[in-house]
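Since the structure comes first, as structure tokens, the remarks are kept for the end.
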Amino acid sequence: MMERTTFHRSLPAIALALLFAATLFVAFVEVDFGEPRIEEELPVNYQPGEEIDTENITTPGLRYLANSSEETGSANLVTAVVVNYRGFDTLGEVTILFLAATGVGALLSFIKDDDEKKKKKILPPSLILNKGARLVLPLIILFGVYVFLHGHLSPGGGFQGGVIIASGMLLFYIAEPTKGASHKVISIIESTAGLAFIGLGIVGLMTASKIFLANDFAGDWGEVGMLVSAGLLPLIYIAIGFKVGSEMTGLVEKMRGDGS
Amino acid sequence: MARSPLKIVLTVLVLMVAWMMLTLRTDIDGLVQEIIAGALIALALGIFLSGILPDAGEGNPVKRILMFFVFLLIFFKEMILANIDVAFRVLHPKMPIKPGIVEVKPGMKSDMGKMILANSITLTPGTLSMDYIDDSLFIHWISVEDDPEEAMKPLDKAVKEVFP
Amino acid sequence: MNGLALVFYGGILLLIAVGIWGILSRRNLIKVIMAITIIATGVNLLLVSVGYISGRAAPIVGGDTGIDASSTTGSVVDPIPQALVLTAIVIGLATTALALVAAVGYYRKTGSLELKSWSYGLTNEKEVKK
Amino acid sequence: MIAINVIIGMVLIIIGLSFQVLGALGLIRLPDVYNRLQAATKSITLGAISIAIGVGVMDPTLLTKAILVAVFLLITNPISSHAIARGAYRSGVPLWKGSVVDKYGPALERKEREVKE
Amino acid sequence: MTPDPVLLIVIPLLAAFLTPLVALGSKKFARYVPLIGVLAMGVVSLLLLKDLIEVQPRTYGAYNTIESTTGGFQPPFGISLIVTPLGGLITFGMIMVALYVLVTSIQKKEDDKGPWFEMMAMMATAGAVGMVITGDLFNMFVFLEITSISGTILAALPRGNGEKGLNWKGAAGYAVISALASFLILAAIALLYGATSTLNIAQMAERVGSIDTFVAGTALLLMIIGFGIEAEIFPLNGWAPEVYRGSRWGTSTIFSGIIGKAGLIAMLKVVTVILAPALEGNIAMDILLWGGVITFIVGEAAAFTSKDLYRLWGFSSIGMFGLILAAFSLGGENGIYAAVLIMIGHLISKPVLFSLTGAMRHKDRDLPLSVLDGLMGKSRVTAFLFIGAALMLLGMPPSPIFWGKYFLFSGAGGESNWLLVGLLIVGTLLEAGYIGKLLWRVLPKKEEAKAFKLPITTTVMALIAVALGVLLGAVPGLLQDIIDLVVLEFGGAIIILAGVI
């Protein structure tokens, strides 16, 4: 009975949603799937490896492909785009995560206040899970560090590494419901990493190019493909890794503290 | 959960090996950079995190490391047997199972030993460790035999040699 | 348009349609938030598939892909949408976390998760009593 | 001519896959959560390890990473199936009616009473 | 010296990352960090505005812009920030509103457990500024998200002890709807990127002429829905009254003065620069024009019937957004003059009205209109400020809004668009109706009135704002230079439009 009425009520919604999707579909048909749209400016019969005149290219994607290795020193072009060409976006993105983590903490403090805390006595966590989590936590953190330290060489980067570290901490929180890193430490790491990111951006304002977030050391340190290469890029990713790791840990930690 | 120097050294070594396995590469320059970075990270993590590692018991480290390989041999043999056992039970038309939860008392004292034992029991024929309650391990057994302690003997002994 | 495009765009837009239907027809906040995350997934997939070029490798030089630094053009996919998706995923996560906290607060105060009354202020509806 | 390591890798992957299939079959055929977990854990762990090592053998540059993956699976898989089994038991999933003995239930009750007091 | 516009973003981010660190030491002092941040932003934007009018040599087109690139790559390869005359003016106005809110709420009663309100107010401002000045479409989306996430948090912070949970209702609604908006915008960005292979707004405008009309139309639809939700355009503003009703006066001010305005400007930027040239005729601008007019009428009508004072001001803000949108889309010299003047008048009068309303009661209840009864007898200063600001909002001379409406009517009359003129008169009459109703209540009554004391910071700031409004209303020539530049800027956009047809 209940089901029926909801279904009737949602018929207009279904119609509207399908209409919307159909409109989008017709529009996206124009954007051919899998076609090399960014390569319209290449000469006809172009073969990979041929020299091209990058001066005349105006499509950003194409120029990044052609020039990224020299300009940023990063072997991973996605990282070059994320941290260097569109680094300003990434700064905003880190800020969004920071705002969300801070906001969740602030708002939960209002919710918790009104709550009478009923602490149930529960069995201690299982020994096997607890010790197992303790055993693998260093390995998970090591892997997270590996991912964000190699962001300019292999798939992954600061965000992914940070999330891996936070998932390790989540495992630890499941295994040890009462223990964990302190609020204060998390908060300090979070803010310091954010300040470090902006500081690295300001380095660009100070050095040769006088431009925020410029990567002036791209070619100076190491060759493409080495751990030490790509100038400030790995440093920024380290800051992002710490920041994302601490933020996600903080998010999990705050939500856990609520008990709901 | 004491942070003995030996424990820190071992932790750092294990982490270092894991790092090198992740970053192994052929060119010398790159390898040197990775080794330096890995050493720093492993050192930092080892010093900070060796405190949370489970207690591994006391004993002669060299002997324990050797025994660890013996344990691995036994364990892998049992694991392959376990899979053949599963295959037999699952494919057998009548499904010869007689499940139940039994209780055993493992011989080791260290937390690490208990954890490793429980994990290896899960992967050996017919058994799944459920929980520890006050030093006794509860095991779900797919075909209950008379004396569970007897069946656990070889694994228990091997683990006890490594993590007493 | 080829068949692959039909599968990709059709599936993704169906995902978005499911999400929009959920937002329009459900009143339970948790379900609405679920619908939002479905839309987020759909849009992220859409963004990635816009940058895909069939038969090309991931945009990483050397290492596992074995692509030479001088011949990236014409042999790898467009890196920009992949970078954008990274940002969009994080943003979706932040939004979801906040919406959930607001839902928890709403539930604690009113004992309900229903968003019944969006009245445009024309009526002064009664709040749900706890 | 296919290189010898590719053949070995293929064989390992095939073995792994067949164990995975057996595990899935066990998941369907066996009667209750605990028995299913038994079959699933063992076969899936060995199957996955076998596939990982197989890939490592086929492409030797990945071998060390594959071994690391195998070690991780060996540690975490049994822990997670233990957590599922324990959680299932404590949230009241019953044993199969053909089970012959249950020593865990009474012990758990005793322990819970101790903690509450 | 021209400051780098990127400072407008970097300063608040620095302050935001510093705030929790300082809060670990002293929660009281941490509340001043965002205030200092906003003050610094204000200085930067004032310098930029001054340069726009005087110093900066004309770089391209007929009007001045100040550009800044990030990441060390020239646009379209790096993300650039472009401060146009309209952007500079709005940026300055929004930062001043934020300053008003932060200074006024220094003496506050809410127990916040930290500097969260101040920090989020600053970040909402930073996001809004970023949306207005960025030259990159995806970057605009990122700033939109910064704004809407801090907006959600602001809306969820309870008023007083938050006993009825109205704040959570508003915040939950806003969180869901703004998330929907942002993903629709993201879908539009995906579509436009697929069609043009670029994200830079200027480059996209060059390339968009060759794309399919249907693609452009769909992108237009998505963008109008997405930004329309942020800009509280009817019928996409169902969330807004709940937010205004449940949140603090500061939050309401920020939504009406900063977040909504930024959504409006961003929508105008996207539609006029990118999408209008891709469509035939004047379709895009006509949609905006009639959408704006309908929003104006609906908003003012809802305000007229509203029984809760917070909501009343919320609806009146929605009406004003409609009016501004309609004026901008009417275009031409008269339209732009009208839009800028109405926007300035709204930016000045609304914070005063919200702060006075907020000072009247702090609890989490609806605020019936009867709180105004006999306000004159309770506190003369409050009553005068209230009357002044309300009349300024209505457009009683001397007020910038008076001149704005004058130009709007002459613009609509000049095009012989009598339907538009009629609708605008209806809306204005509705507005006059409810403002008259409020003022009638303010007049002294016979019944005994309890004394009511306005906090000193509120008094000072409101006095400054009302004085500024009167000054700008009496001598509108002070704004001549900058508005002329804005007209040039929009003339540029219209010329592009004509070129394509």
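All chains are identified by letter, namely A, B, C, D and E, in their written order; residue positions are counted from 1 within each chain.
Going forward, a contact is a pair of C-beta atoms (placed from the backbone, for glycine too) under 8 Å apart; a residue touches a chain by one contact, two chains touch by 3 or more.
Every value quoted in this text rests on a predicted model; they were computed, and no experiment measured them.
The minimum number of touch steps linking chain A to chain E comes to 1.
Among the other chains, E has the CA centre that is most remote from the centre of chain B. Contact count check for A-C and A-D (C-beta pairs in contact): higher for A-C. Computed from the mean C-alpha positions, the centre of chain B lies at a distance of 41 Å from the centre of chain C. Note on chain placement: the centre of chain B and the centre of chain D lie 14 Å apart, centres being C-alpha means.
Taking each chain's centre as the average of its CA atoms, chain C and chain D sit 33 Å apart. Between the Cα centres of chain D and chain E there is a gap of 58 Å.
Shown for chain D are the residues in touch with two or more other chains, namely 61, 75, 79, 82, 86, 111. Shown for chain E are the residues in touch with two or more other chains, namely 138, 142, 145, 149, 152-153, 156, 162, 187, 191, 194, 197, 199.
Residues of chain A in contact with two or more other chains: 24, 28, 31, 37-38, 60-62, 64, 86, 89, 92-93, 96, 99-100, 103, 107, 110, 126, 128, 132, 135, 139, 225.
Each chain pair that touches appears in this list: A-B, A-C, A-D, A-E, B-D, C-E. Those residues of chain E that touch chain C in the complex are listed here as 138, 142, 145, 148-149, 152-153, 156, 162, 164-169, 171-173, 175-176, 178-180, 182-183, 186-187, 189-191, 193-194, 197, 199, 238-239, 241-242, 245, 302, 305-308, 311, 314-315, 366.
Against chain B, the residues of chain D that register as touching in their complex are 19, 22-23, 25-26, 29-32, 34-35, 37-39, 41-43, 45-46, 61, 64-65, 67-68, 74-75, 77-79, 81-82, 85-86, 89, 95-96, 98-105, 107-108, 111. Across the interface of their complex, chain C is touched by residues 6, 9-10, 12-14, 16-18, 20-22, 24-25, 28-29, 31-39, 42, 46-49, 52, 60-62, 64-66, 68-69, 75-78, 80-82, 86, 89-90, 92-93, 96-97, 99-101, 103-104, 107-108, 110-111, 114-115, 153-155, 157, 159, 224-225, 251, 258, 260 of chain A. Interface residues of chain B, counted against chain D in their complex, comprise 18, 20-22, 24, 79-80, 82-83, 86-87, 89-91, 95, 97-103, 118-120, 122-123, 126-131, 133-134, 136, 138, 140, 142, 144. Only residues 1-2, 4-5, 8-10, 13-14, 16-18, 20-21, 24-25, 46, 49-54, 56, 58-64, 68-76, 78-80, 82-84, 86-87, 90-91, 93-95, 97-98, 101-102, 104-105, 108-109 of chain C touch chain A when the two sit together in their complex.
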